[in-house]
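For reference, chains read A, B, C and D in written order, and residue numbers begin at 1 within each chain.
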Amino acid sequence: MKDIQNTPDHRNISLREAGIKDLKYPIIILDREEREQTTVADISMSVSLPHHFKGTHMSRFLEVLTSTGCRFTGSTIPVVLRKLKETLEAESSRIRIEFPYFLTRQAPITGAEAKMSYLCAFTGESNKDSEDFMLTVTVPVSTLCPCSREISKAGAHNQRGYITMEVRTEKENNGKFAMLWIEELVEIAEASASSPLYTILKRPDEKFVTEHAYNNPVFVEDIVRNVAEKLGKDKRVIQFTVTAENHESIHNHNAYAVVTWTRPVSPEKDSCI
Amino acid sequence: MKDIQNTPDHRNISLREAGIKDLKYPIIILDREEREQTTVADISMSVSLPHHFKGTHMSRFLEVLTSTGCRFTGSTIPVVLRKLKETLEAESSRIRIEFPYFLTRQAPITGAEAKMSYLCAFTGESNKDSEDFMLTVTVPVSTLCPCSREISKAGAHNQRGYITMEVRTEKENNGKFAMLWIEELVEIAEASASSPLYTILKRPDEKFVTEHAYNNPVFVEDIVRNVAEKLGKDKRVIQFTVTAENHESIHNHNAYAVVTWTRPVSPEKDSCI
Amino acid sequence: MKDIQNTPDHRNISLREAGIKDLKYPIIILDREEREQTTVADISMSVSLPHHFKGTHMSRFLEVLTSTGCRFTGSTIPVVLRKLKETLEAESSRIRIEFPYFLTRQAPITGAEAKMSYLCAFTGESNKDSEDFMLTVTVPVSTLCPCSREISKAGAHNQRGYITMEVRTEKENNGKFAMLWIEELVEIAEASASSPLYTILKRPDEKFVTEHAYNNPVFVEDIVRNVAEKLGKDKRVIQFTVTAENHESIHNHNAYAVVTWTRPVSPEKDSCI
Amino acid sequence: MKDIQNTPDHRNISLREAGIKDLKYPIIILDREEREQTTVADISMSVSLPHHFKGTHMSRFLEVLTSTGCRFTGSTIPVVLRKLKETLEAESSRIRIEFPYFLTRQAPITGAEAKMSYLCAFTGESNKDSEDFMLTVTVPVSTLCPCSREISKAGAHNQRGYITMEVRTEKENNGKFAMLWIEELVEIAEASASSPLYTILKRPDEKFVTEHAYNNPVFVEDIVRNVAEKLGKDKRVIQFTVTAENHESIHNHNAYAVVTWTRPVSPEKDSCI
């Protein structure tokens, strides 16, 4: 049977990526409390394609995926990426695994327990001489407007907002990326907004959350600065982008802010662009 | 060229619908202030299929659509539906046209003007002996929680909510469905929530909106009842379903309420189920 | 602390539904091969609200949900619904649980194994004197156009399509709804299209799938009739709606067909509307 | 009334972006045949925020937008961007305007006319010393698999695919970005796939399209190379990213390929990465 993908190509154009997208698959993720949790991911995988090959063998992406057991961490992602390069005879490979992650949270006063979901992603790339790994966590929060509170006789508009943190950690001596728990990023985000969200709130909890938010007003600009301050102090973190987006309760559009940061080579001076 | 669709089918199963979906098309809609406005619609159209025909001629839906000039109102929809039945030799036909509709709104204090968008739909059906037409309008609003306000020392959680009204009007003596402007439903919805939303708000406006919402707390249950009270009093309206959905600012899930109503045959007593 | 929800309402309007929506939660589902599987659901729950109550106690929905252990089947859903009615002091309750379900499938020639996802839903309702349960399964398939094949010298346009089956089964003597496995509906749908889809296909498999689809051309109209024929013969099934939707590869819109069926009271004659 | 946004901030963190998102607004776009067309856009706008300011004045984005008349082209975007910088006292500004664009197309044999929609975007950025403008056009096409065709006795799997071109043109002597019509990119994309898509196809057209696609098989890798070859030869183009994504009709996931190119400084040698 002829292997069309293997035939030569004469257009002399190499491709940054050839691969698959939007694959829904059950996966297993490390969990700080429960050791591991099963969730459902959207997966994309690709490799670079040299100019002399017509096509990639798409079925091999799935063979590599199923051979991994679908257990993903910052440590196993580089292994999968190297296997993709090898199996698909490519110079570079990429993977993105997006999934909801669940944490059991307690209501602030009554302690009523239920799970909250946080959308997360692992993004990895393996090139000839370098490897990259990025953890993304999106945390829904409550945000109360400082301006509205200041100028109004009573009340203040507030709304659901989403904080997205895309974080890179440094490579340790053992060649692995420094571990950052999803739980740690959730805590940082929730402490940077007017209030965390909860799945169950009884009346005493609702009173607490309402008053807590009223006492902690933040703009989207404040949120990304609050998160940036905390992440920038973490020795493991070498780069991040933080986005906050508010589903404004007084508008039909959203407000957002973005901060990007790279740890400076000389450690004396920090810079946020 | 053989007409496969026209060949007989022996499974003895007639179909409720055969048609097309998810067609994006520019359309023209009546506008109370500006006479008409151009917008972009998602269109679906179908006909019933008798058990003895194998298939529908899908291209004819598009021919009927383009022949109409794409001007849609409660009066032109029945004409399109009759043309669909005729052209596709069917007993019944259906159409759904979903589109954003824009209104120029003024900020409550400064009068600053900008457009707001409202998602609307026309849904029509033409059967052997009956015709149906339904207007759907979704209005984004601000809602402030009465419970949170009551129990808290200061502030009250509020959020963006969406009110969806699906309304049928009676057929008038001329055979046309009584006209209900999109603008009328927008006004009813906005008056039933804690506050309307605006595209531009300067600081004096924001102060007004914040305080107005604080003074008009509503649950989703209140919203649908407020809308139902007003719609039920409108002589033109014979049936409606009203849904309110709040994107809760203290939870990562939504709260919602639904009320359904049909004008009773004996006009003495109203009933809401 | 005042219970605002419990205060009387004087608008005299009872609500069909008051509840929560868009809650993402991990759940456990029965699996024919593996006994059970963990997946991630979108959940909505509601109760009816009598005209004399101002509001529902939304936090109780979550308390009922977490108390169930989040194991859902056609047998546990009625139990949850009764608990919702009791806890929320309501006459009727509803639940909808939507989730991706995974099955391990083998490529038709090489037998290469990987998981496929199918979007499913359990929908239940409990009223004063009746209970309802509906299983929904959406199966992605390949469909090849009979008309295109007939009139063309070579080839035939084909595309990904989605078959959605909403099925009700009869109540058995023990008061439970007759069990229908998700796996059974997947098999019926796949046998009704031009070809099933697969996650891994090696070249011999791709040849098989291509030729198999070419030899089994179907319109959307054929698909829903094929599924209806099989479901109508199943003694457990008392009602269904089947929708097929093709993401046409020659258009930027979709083609679809719908068939609805209710088992006739007199068992002699079947009817499909 | 206090201006909270104007108060100093001491965290010493400047922001890349602060602005608004997901604003739906009617706009007017240049049209090669009809001079202009009205469509509906999703708009985002932002400015950079120096470290010493607490917040941006979000209402000014809307004031700038409404003052422009909402007529957008590669020439008016830089004007809007400069006005944003001035009004919001910022060093840099960004805008993204995403909209469906409609073209009247004729069926290949019968000439039957109807409109096709293409999702487009204008993305602009204005910095201290530089300006940027990018045109994005996504074209839905039909793609037929060369491998499936080669190895199968009859037929070949094909599907709807989407080609996205993000293109930058050079600045001309008058300081304006060289004009590239949306229509030109649509033509390039359609000529690079197995077949264009059409809104109306009568049977003779369907025969033509089926056979034309069968005679022009392409992988996603071929598509992006075909587009890249044409764009790379266009003197106006200085940079592009081309992505092709196939909604595979034999899988429930998609296949995709990406090529990125920047015009080399020395014009002798071209490079595609």
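Heads up, the rule we're going with is that a contact is a pair of C-beta atoms (placed from the backbone, for glycine too) under 8 Å apart; a residue touches a chain by one contact, two chains touch by 3 or more.
What you are looking at is a predicted structure, and each value in this text was computed from that prediction instead of being measured.
Undergrad: Where each step is a move between two chains that touch, what is the least number of such steps from chain A to chain D?
TA: Graph distance in the chain contact network comes out at 1.
Undergrad: Let me check something: if the centre of a chain is the mean of its CA atoms, which chain is farthest from chain B?
TA: A
Undergrad: Over half of interface residue numbers shared between chain B and chain C means same, under half means different, so which is it?
TA: same
Undergrad: With centres defined as the mean C-alpha position, give me the chain A-chain C separation in Å.
TA: Using C-alpha averages as centres, the distance is 31 Å.
Undergrad: Based only on mean CA positions, could you tell me how far chain B sits from chain C in angstrom?
TA: About 26 Å separates the centre of chain B from that of chain C.
Undergrad: Please report how many Å separate the Cα centroid of chain A from that of chain B, as a whole number.
TA: 37
Undergrad: Multi-chain contacts in chain B: which residues touch at least two other chains?
TA: As it turns out, chain B has residues touching two or more other chains at 1, 23-24, 117, 147, 151, 199, 201, 203, 207, 251-253.
Undergrad: Specify the contact topology among the chains shown, as one of line, ring, star, complete or other.
TA: It is complete, because no pair of chains fails to touch.
Undergrad: State the interface residues of chain B toward chain D in the complex, per the touch definition above.
TA: Of all residues in chain B, those touching chain D are 1, 3, 23-26, 37-40, 59, 62-63, 65-66, 100, 102, 112-115, 117, 199-204, 207.
Undergrad: If we count contacts the way the header does, which residues on chain A are in touch with chain D in the complex?
TA: 1-2, 4-5, 9, 11-24, 44, 46, 49, 51, 54-56, 58, 146-147, 150-151, 219-222, 224-226, 228-229, 245, 251-260, 272-273
Undergrad: Any idea which chain A residues touch chain B in the complex?
TA: 116-117, 140, 142-144, 147-149, 151-160, 195, 197-199, 201, 203, 206-207, 209-211, 213-214, 247-253
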